[in-house]
Amino acid sequence: MIVVMKPGATKAQVQHVIDLVREFGLKDHAIVGTDRTVIACIGDKRAVDKGALENAPMVEKIVPILAPYKMASREVRRERTQISFGPSGAVLGGPKVGVIAGPCSVESREQLLETAHAVKEAGAMALRGGAWKPRTSPYAFQGLHAKGLEILAEARQQTGLAIVTEVLSAETIDVVTEFADVLQIGARNMQHYPLLEAVGRCGKPVILKRGPSSTMEEFLLAAEYIINAGNPQVILCERGIRTFEDYVRNTLPLAIVPALHEQTHLPVLVDPSHGTGHAAYVAPMSLAAVAAGADGLLIEVHRDPEHAITDAAQQINHHAFSAMMKRVKAVAEAVGREA
Amino acid sequence: MIVVMKPGATKAQVQHVIDLVREFGLKDHAIVGTDRTVIACIGDKRAVDKGALENAPMVEKIVPILAPYKMASREVRRERTQISFGPSGAVLGGPKVGVIAGPCSVESREQLLETAHAVKEAGAMALRGGAWKPRTSPYAFQGLHAKGLEILAEARQQTGLAIVTEVLSAETIDVVTEFADVLQIGARNMQHYPLLEAVGRCGKPVILKRGPSSTMEEFLLAAEYIINAGNPQVILCERGIRTFEDYVRNTLPLAIVPALHEQTHLPVLVDPSHGTGHAAYVAPMSLAAVAAGADGLLIEVHRDPEHAITDAAQQINHHAFSAMMKRVKAVAEAVGREA
Amino acid sequence: MIVVMKPGATKAQVQHVIDLVREFGLKDHAIVGTDRTVIACIGDKRAVDKGALENAPMVEKIVPILAPYKMASREVRRERTQISFGPSGAVLGGPKVGVIAGPCSVESREQLLETAHAVKEAGAMALRGGAWKPRTSPYAFQGLHAKGLEILAEARQQTGLAIVTEVLSAETIDVVTEFADVLQIGARNMQHYPLLEAVGRCGKPVILKRGPSSTMEEFLLAAEYIINAGNPQVILCERGIRTFEDYVRNTLPLAIVPALHEQTHLPVLVDPSHGTGHAAYVAPMSLAAVAAGADGLLIEVHRDPEHAITDAAQQINHHAFSAMMKRVKAVAEAVGREA
Amino acid sequence: MIVVMKPGATKAQVQHVIDLVREFGLKDHAIVGTDRTVIACIGDKRAVDKGALENAPMVEKIVPILAPYKMASREVRRERTQISFGPSGAVLGGPKVGVIAGPCSVESREQLLETAHAVKEAGAMALRGGAWKPRTSPYAFQGLHAKGLEILAEARQQTGLAIVTEVLSAETIDVVTEFADVLQIGARNMQHYPLLEAVGRCGKPVILKRGPSSTMEEFLLAAEYIINAGNPQVILCERGIRTFEDYVRNTLPLAIVPALHEQTHLPVLVDPSHGTGHAAYVAPMSLAAVAAGADGLLIEVHRDPEHAITDAAQQINHHAFSAMMKRVKAVAEAVGREA
């Protein structure tokens, strides 16, 4: 890390910072510039709270040099991580662009099975569906819970599709892990650390969604929590950030796809359903995500969106999904991927 | 809610929407304007997913009219809620501006007791201190856990100050409730619904911090979760939002203080420590928060911020806190409050 | 527009609003709901300042129904506008994805000509290059001014490429119009209305860049200014918005491409150079923009980016541009466009 | 500035960067850390485009150390700048908190004079009123232009208040300068550099409003443009930034008040009318701004806000202004200022 002193800092004030730096077990290296003195600190700085130096007199700012995550970073692992799951050994992170599709919520057995067959037919590699739903309002439908998991398992049996479903709390991890092939951590829980640690011990791949106001660094630190707890099978998923834009529910920042590929070896999905909040934008943003280099897509598909119980505005119907998949395939091939 | 049709919507398309509206148990009222038809929907719309209508053909947008929260709203309760807690019956939400102060983390018995006496002396009404710490990095200090609670309890015994501490997960609610006078839900957990429901059953007052990208409506819906689970003693706390600004760790939007007082009867605190992230801005933003009408402040105070283990950059020392409290008192009186 | 009254509004207060509505020349239509009264206002509301009603007692909010722009909207013109320019009649807004490329600044005759030939060879339809540069710092290079225009004209003569250059102020419009085929309004000037009105009278096509914190509506209203002043040849360009993200200079929100195509008949470009600020992300975001449906791209290309005088971090070299163009062509074809 | 190399950079790649640094006339100082090499560059770096280094192979990032502004900074001038203007020599930047008040637009002679007397009576130090109005829509009222200036001059003569009015374009600077005591640059024009340079030559004090998505650094660089063109009398004004918040028109980030006082010697105003967009929040945010240390306020006041032609929602009436002024005075005194 680099400590930048304010102009006019005295020798004693610089020495005080150097003393703190040494106290933290780092080596110091002071450089006297034309206007300011800066102190480069050498050593493994991940354990130091940089704020401690920020509070010393006449310190202007602290500039971290090292990324605070390790195991998620490409410095530790150069080659891309491939993660396989489900009855048929679907793989994310390889040459194939994988599409995970299904309804926002499992609403009924009939509803889920109908959509499961439709997305399988259209070329999806896995089925998503929520059994526990995090809802902004306490008065909204909260999911079928264990019953939903059983319906998902039946859909897997009928279609051979892997099952992806969200886990909302540490208490339900065991039952979700028993049924699901991949556990999903929702955007609202990206920094719920007890849950990250719990899925770190579950032994199944985890889709980690980026929080709507998380920086890339916070996103990768959340992945680091899971890996650090023992589970290296983390799949990152961008689902849109909160900005001032009002024609979408979230702003979908696709440059994070190449940026993540630079920083981490983990596979990167994009969720254009939450990422836009409008059914009409799901197909164009799916194509854009694949063109930007995404390893896969997470798409909300419902047999009758007008009657969907949750997220109705952003679910597309079976026909639209099938049409979109043909276009996804064409774009994937145009950028040298399979689909 | 109001459904706005796109220009050129046919009679059949308008009728289709009207049919959906009736299916949802609402009364419809269509108004044909010069360019567009709008359909006003009358009835209790809180249970309907408005997205279901957004997905119907030729619907341009849905405009909700009712706020989706009830019990947190001033429509249900006109007078301000006052919440009292702790050995001496401290009250938030009344004429007095209450200051809750203490270190970010409980680091040791000696450290906490020293600060407890200092903030008591300076006029604080309660002592804060973290025993379980939500940390962005898995490699950072995570708190003293149960040992920290015991130290807090000793501080209460010595000073008579009420104890405020964060609860991170449903599993630790029982032990935290046993020791604390007020439970705090951190900003990262504002939408962790299982935790909101759990503190809704704990019987102690709860400080709910606004998530850094939450709208005011989402904030009040999170409060609604707690109230709906049985606990009406919710204290709201603004602690800064994430924006593009880079001279602060968060942007502290104080207009939410009068805006919340308009919408809700619950007391409103401001946390200028997290709300700015810099010790130098804590005092001016504390004064500003009180001038804007805040019912109280939540301030991080450490006996030696340069050696604080967590949040070192934003903690102020005992002397700065004591000086600030005199100014808080003067501003509180200038705006007709006590302090 | 819809006026929503607060709960508890009296009959007299509702009547007062109705009187104001009639005073503004609108027809009123009151609907009494279970909790609130809403008043639908019928008529052409573009001329009314809705704030006037917001300030009336017991008004909760005003919901506009009509978009405030007209001539830019698809309601006025259903088919897409195609805009042609330059010696060879290049067209934007048709089936072909058009690429406008060139250096950030015209630095010298040799530099510009070398890049002009390179981008022509690689398949660009027009040459960009700044002669007047809006610079954040007064100490930075401000452009070659008239000399730069002459160099651009020579490049057009040698290559047949149309010339695109920025106009910074009303005083320089005449000279810029004399040399350029297309005038560009930079993001910082999107709401500099005297300039919008001036280019509205210039008779040449105008590329209007979205301001970094402009809503889609403000963007289309800026286009409306130009059209309203007499110039229907407006090309919209998304170049990234300001958010909290820190791995890019701006966040590039590609969902605006399909959203604009829904709202307006004007062609839509994307500028991934400013839209990301990093050379490494220009190619993936170019492909993504085309996949999302963009009508064209605006790319900064420099023969030696390490020695570029302006925007060095985001310019790509000739070789990278040529390689990217092959991939752009493949993606354009995959989504049914030419390139 | 500091250049951070990626891990794995070769000696030759480091040397290449060092060569570039020397080519830019800077001294280099390489520090080999445990994971990375960083190169400290010493010298006056304001003229170098740091992007040039960002584009060199294996460079991870560039960290600027020096602020890019000079004359606006406290490093150049330690004591606070006081700016005086108008017939009675009103001063901003001294002990007194100055309030500038008046209608958004000059609508008529009678309207302006009535408000001028009212704000004078209530204790304002200057009168604001727009003669040229920047309007988001081309169909909205654009101001009375020269006629408006004459009315403002008459109000000055009657009341002795200094006149503050916005200048929208370089063409109208001469006439505005002739009538006004203080010229205002609106938020949308904060980065319209030709206008900044023009007011830099006008000889009158300038109120520079922060753009809604400008960083503090960009704000101070805009001030630097004006000072650099010859006019040191710059008054900074915060008027709210664009964020995701929806209960206000803009988010008013008051921590910028102490932050600006740290960085610059220029006076700092706050405009809570634009900063919130709602009349109901103007008084509490005015008090908060004064408590945070603002040198003055800019307030929109209208004799009949329901009939205001522009910005009706955020203007307060004479009575509300007068009541607010008493409270402003009390808070100013509580924080050791006059009012």
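Going in written order, the chains are labelled A, B, C and D, and every chain counts its residues from 1.
In this text, a residue touches a chain if its C-beta (ideal position, glycine included) is under 8 Å from a C-beta of that chain, and two chains touch if they have at least 3 such contacts.
Everything numeric here is computed off the predicted structure, so don't read it as measured data.
Participant: Which contact partners do chain C and chain D have in common?
Facilitator: The shared contacts of chain C and chain D, listed by label, come to A, B.
Participant: Consider the two chain pairs B-C and A-B; indicate the one with the greater count of contacting C-beta pairs.
Facilitator: A-B
Participant: Roughly how many whole angstrom separate the Cα centroids of chain B and chain C?
Facilitator: The separation of the two C-alpha centroids amounts to 38 Å.
Participant: Averaging only over C-alpha atoms, locate the centres of chain B and chain D and give their separation in whole Å.
Facilitator: 31
Participant: Give, as an integer number of Å, the spacing between the C-alpha centres of chain B and chain A.
Facilitator: A distance of 26 Å separates the two centres.
Participant: Residues of chain C that contact two or more other chains, please.
Facilitator: In chain C, 213, 241-244 touch at least two other chains.
Participant: Inside the complex, what are the residues of chain A that reach chain D?
Facilitator: Going by the criterion above, the answer is residues 2, 4, 7, 29, 31, 33-36, 38, 40, 42-44, 63, 65-66, 75, 242-244.
Participant: Considering only the defined contacts, which chain B positions touch chain D in the complex?
Facilitator: For this pair, the touching residues of chain B are 213, 215-216, 241, 243-248, 251-259, 262, 275-276, 280-281, 284-285, 287-293, 327, 330-331, 333-335.
Participant: Where on chain C does chain D make contact in their complex?
Facilitator: Counting only chain C, the residues touching chain D are 20, 46-47, 49-56, 68-69, 134-140, 168-171, 188-189, 191-195, 211-213, 218, 221, 224-225, 228-229, 241-242, 278-279, 305-315.
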